[in-house]
Amino acid sequence: MPPSNSAPIADLDRLAGAVEPGMALALPVDYAGVSMAMTWALLARGAGDLHIVNVPTGGMQGDILIGAGLVRSVETSAMTLGEAGGAPCFNRAVKSGQIKLKDATCPAIHAGLMAAQKGSPFMPMRGLLESDLLKFRDDWKVIENPFADSADPVVLIPAIKPDVAIFHAPMADRFGNVWIGRRRELAAMAYASATTLVTVERVVENNLLADELSAAGTLPALYVSDIAVASNGAWPYGLWGEYPTDTAEIIRYARAARTDEGFAAYLAARAADKAA
Amino acid sequence: MPPSNSAPIADLDRLAGAVEPGMALALPVDYAGVSMAMTWALLARGAGDLHIVNVPTGGMQGDILIGAGLVRSVETSAMTLGEAGGAPCFNRAVKSGQIKLKDATCPAIHAGLMAAQKGSPFMPMRGLLESDLLKFRDDWKVIENPFADSADPVVLIPAIKPDVAIFHAPMADRFGNVWIGRRRELAAMAYASATTLVTVERVVENNLLADELSAAGTLPALYVSDIAVASNGAWPYGLWGEYPTDTAEIIRYARAARTDEGFAAYLAARAADKAA
Amino acid sequence: MPATPREILIHTIAGLLDGVRHVAVGASSPIPAAGAMLRRALNRRAGLPPTRISILGSREHNFFTNGSAELFDCAGQGRIDAFFLGGGQIDGRGNINLVGAGDYPRSSVRWPGSFGSAYLYYVVPRVILFREEHSPRVFVDKVDFVSAPGVTGDHVYRKGGPYALLTGLGLFSFDKRRPGFTLESVHPGHRLDDIAQATGFAFAHEPAPRTTPPPDGPTLDLLRHQVLDELNETYPAFASAMKADIERDAERHDTGRRQ
Amino acid sequence: MPATPREILIHTIAGLLDGVRHVAVGASSPIPAAGAMLRRALNRRAGLPPTRISILGSREHNFFTNGSAELFDCAGQGRIDAFFLGGGQIDGRGNINLVGAGDYPRSSVRWPGSFGSAYLYYVVPRVILFREEHSPRVFVDKVDFVSAPGVTGDHVYRKGGPYALLTGLGLFSFDKRRPGFTLESVHPGHRLDDIAQATGFAFAHEPAPRTTPPPDGPTLDLLRHQVLDELNETYPAFASAMKADIERDAERHDTGRRQ
């Protein structure tokens, strides 16, 4: 459950402080509000042995956490830098066996989060049968559909209950409500997670729930543990309605991270930017 | 699937024409946009032998359809006129055995619609065990949770797939998109239903999906089969952000409908209003 | 000016909500809502963690944005600590009946239906059974239909259940091991005998149960000003009736003193 | 000015989408998107029912408002008639591998992952396998990892599956009873032998397969103007490259004629 006595607006370090070693982190897909600002704060915090759940795919944020050695395992439907190609640290970690893989498919991750949202132990899902994804996931179970007259196997996905969800959104209000627009997977992540940490471009004075138009796209404070302002906080990813993706920068990262040395140099450059 | 070649804005009679005898209708809760305007059109249409699914409870609309003899069975978590008391036609029909009852509990109806939304055969749900609700619902099944180490029975609710969902909303645009705000059960109804008929207060010129603020509360045209304008179309129910409930009128109905004669007189008066 | 019977109920509810972070209140439940608002005001006054209140069907106190399923999801996530349920019938094992009297399905008296009880009673830790009418037709030996059971077998997933039963006559706690109710206190102006006669099931009690404590002066003041103002936004009719009660009592009290 | 190879692919996709009411296209899939847009334009021209196109990750063509789960829900509801999948490896039984080459999990070559394939391949009626690179490393005898199988046992819920395989060399249909691919046509400038050598699995074919038909004049016109303009909104880089292709071809064509 969220801490209930926190001041409404914090700084990134306080947010990162909520992440303890060994925790499971839910992180959003590239286009849905990645809090890249929190990536650097998590590196500074240094809590390792993390399990990452990508909702439902991952990119640069997860790749950096893996490259920095903070990640024990990853559940994901894909890891990619989009136009910039594969996720280099992830790919190296797969080959070396440094991380444990839970390869999934997008709707299975949504199903696991939905189970947690509903307080249900599992959700059923069509598909998956006779795939190697299913073969390698001994945490998924197959039952016979008890409503069917003849054989009808169906896969059950257990609830995914992350310790911490982290994302970036355009705005929050002073009451702790966060505007997520139509990116409702961010709400799903928050419902399913014990703690939800949000960075925003700005804090507005009006109550987002007071107006039906903004309320429709608002994640209520009830699900939000802590908020920090991080201007341009998704960069180099874009944020819907705010700024586009800086593809050149992601390509720069993709090139640098091809080697451990390049990756380290990239991180050092980012740290220098931050200090400047 | 929705008819794809219809003109975007129709009249109430065309909407009612989509309801065939024997169909299953999903109708929303009192405060979530009841299309009372469609009630009168459904009476005129006269398609009977209907199954009503209340999402998740029902009131005056269902009571009138029952009183008019158009309803074969009802799945509901409750039927009530709120401050105006019990639903008189429903209560009489229960006593006389005129309608078949599928008594439910709110989250079970949400679970059934969610199963349909996900294309899943069922959804699991906590609660219900050792209740008489479960005892009388032979369409619900109990299985052992396959993820548990010891005995852990869990109820499975089969998918609810209404033929037609009917509701009222503040606005639609010329592209067939409907603004539902935070009343997301209306989206759930539409996702689950083969056909969705919507009445609205007004049609706006701008595309509701073009602006992220309005898009967040918009049900896309993809799920909307047909739309008609019905000003004050929820009356005597209220519509969020538009007008309050006319409680006096609902009390008037509740009193009239205590007898078959009073009910008939009430309908005649409404028909006279319409003609006037 | 002593507390009115309604104020005693509201104050008792505020006490039952001690330590609660989030309480949900059903639509048209002004007394539970007032109890929750008093709890929130008391916490604020004492500098304790805030109490969040969700009132269903209210626009003002609606903190949900995911439709009418969200209350149940939220409860399933463990984010709702307390909720109120009533019942056309309630029995000594804490079973509640919201469906009807007589043989189901053709009930001789039909009530609206079970609403969310068959889920919330299982998952919300503190379910407060609240029914002002305290009579043998409500408090029966065995309900005619179990909308939701008070207790369930050991193997049943059960994070919640009956925590207390509050009526117009008294306050009961619930012991799920027995299972059964224990009379904790009798509201001012009523007696154990009245309660025993009005209750169709057996319950435990002290030989001389204590009287339900009324709010102290500062708490009554908070209730009559701040809470009543807040209540007025959502339940104007009820708030006016409460004000009238208080004024009538005050007059009677004055008259009494003058005599 | 004859059609360019890309235009042949786009036109072929438009043909595969005949009768489709709603097609979803993955992010960064400009050729499938262009095919869908041409289908829509052809329907519009012929007065046929409209084709709805959802392009994932595009703001312009995003008709979803319920987050990234909605595509899958929508497909599960039967509201998506066609979708495109690729694969690092594709074998003759229609199995696709989006995960990696070599022994799982420590793949020697790791690809991004299965995305939604292990669901959409089962529930979308017309899944078009599209991979421009036609080589033995892509079209293998047996994939190293089955992200999603081409065919499944009779008892498996399966509303969808492979409908066609389109590559830079030719177009195949899929016969799920055999199961296997049948070469339907060879793109202009290529031969059956090239395809046989570049394909690691056996496939059925006529002794002399037909050539993939190019778009007729009016269709090419539609593609080069209306569709290219629409495409430019979502894939500006790709649209420019296509324009450059066309101009280069036109020049070559002119030069050819002048010689």
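Think of it as A, B, C and D in the order they're written, each chain with its own count starting at 1.
What we mean here is this: a contact is a pair of C-beta atoms (placed from the backbone, for glycine too) under 8 Å apart; a residue touches a chain by one contact, two chains touch by 3 or more.
From a predicted model like this one, the values you see are computed outputs, not experimental measurements.
Chain pair with the larger contact count among B-D and B-C is B-C, by C-beta pairs in contact.
Centroid distances from chain A, each centroid being the mean of CA atoms, peak for C. Averaging Cα coordinates per chain places chain A and chain C 40 Å apart. Chain B and chain C have Cα centroids lying 30 Å from one another.
Remark: chain A and chain B have CA centroids separated by 36 Å (rounded to whole angstrom). Shared contact sites, meaning residues of chain A that touch two or more other chains, fall at 114, 118-120, 125-126, 152, 154, 182, 187, 215-217, 240. Multi-chain contact residues of chain C, defined as those touching 2 or more other chains: 64-66, 72, 76, 123.
Of all possible chain pairs, those that touch are A-B, A-C, A-D, B-C, B-D. Interface of chain D with chain A (complex): residues 27-28, 57, 59, 64-69, 72, 76, 98-100, 104-108, 110-123, 145-149, 152-153, 155-157. Residues 21-22, 49-50, 52, 62-66, 72-79, 123 of chain D are the ones that touch chain B when the two sit in their complex. Residue ranges on chain B touching chain A, taken from their complex, read 111, 114-115, 118-126, 141, 143, 145-148, 152, 154, 156, 158, 180-182, 212-217, 240-241.
By the touch criterion stated above, chain B contacts chain C in their complex at residues 29, 31-32, 55-57, 76-80, 82-83, 86-87, 90-91, 94-97, 101, 103-108, 110, 114, 125-134, 136, 150-154, 182-188, 240.
Note for the complex: chain B touches chain D at residues 1, 4-5, 116-120, 187, 191-192, 209, 215-223.
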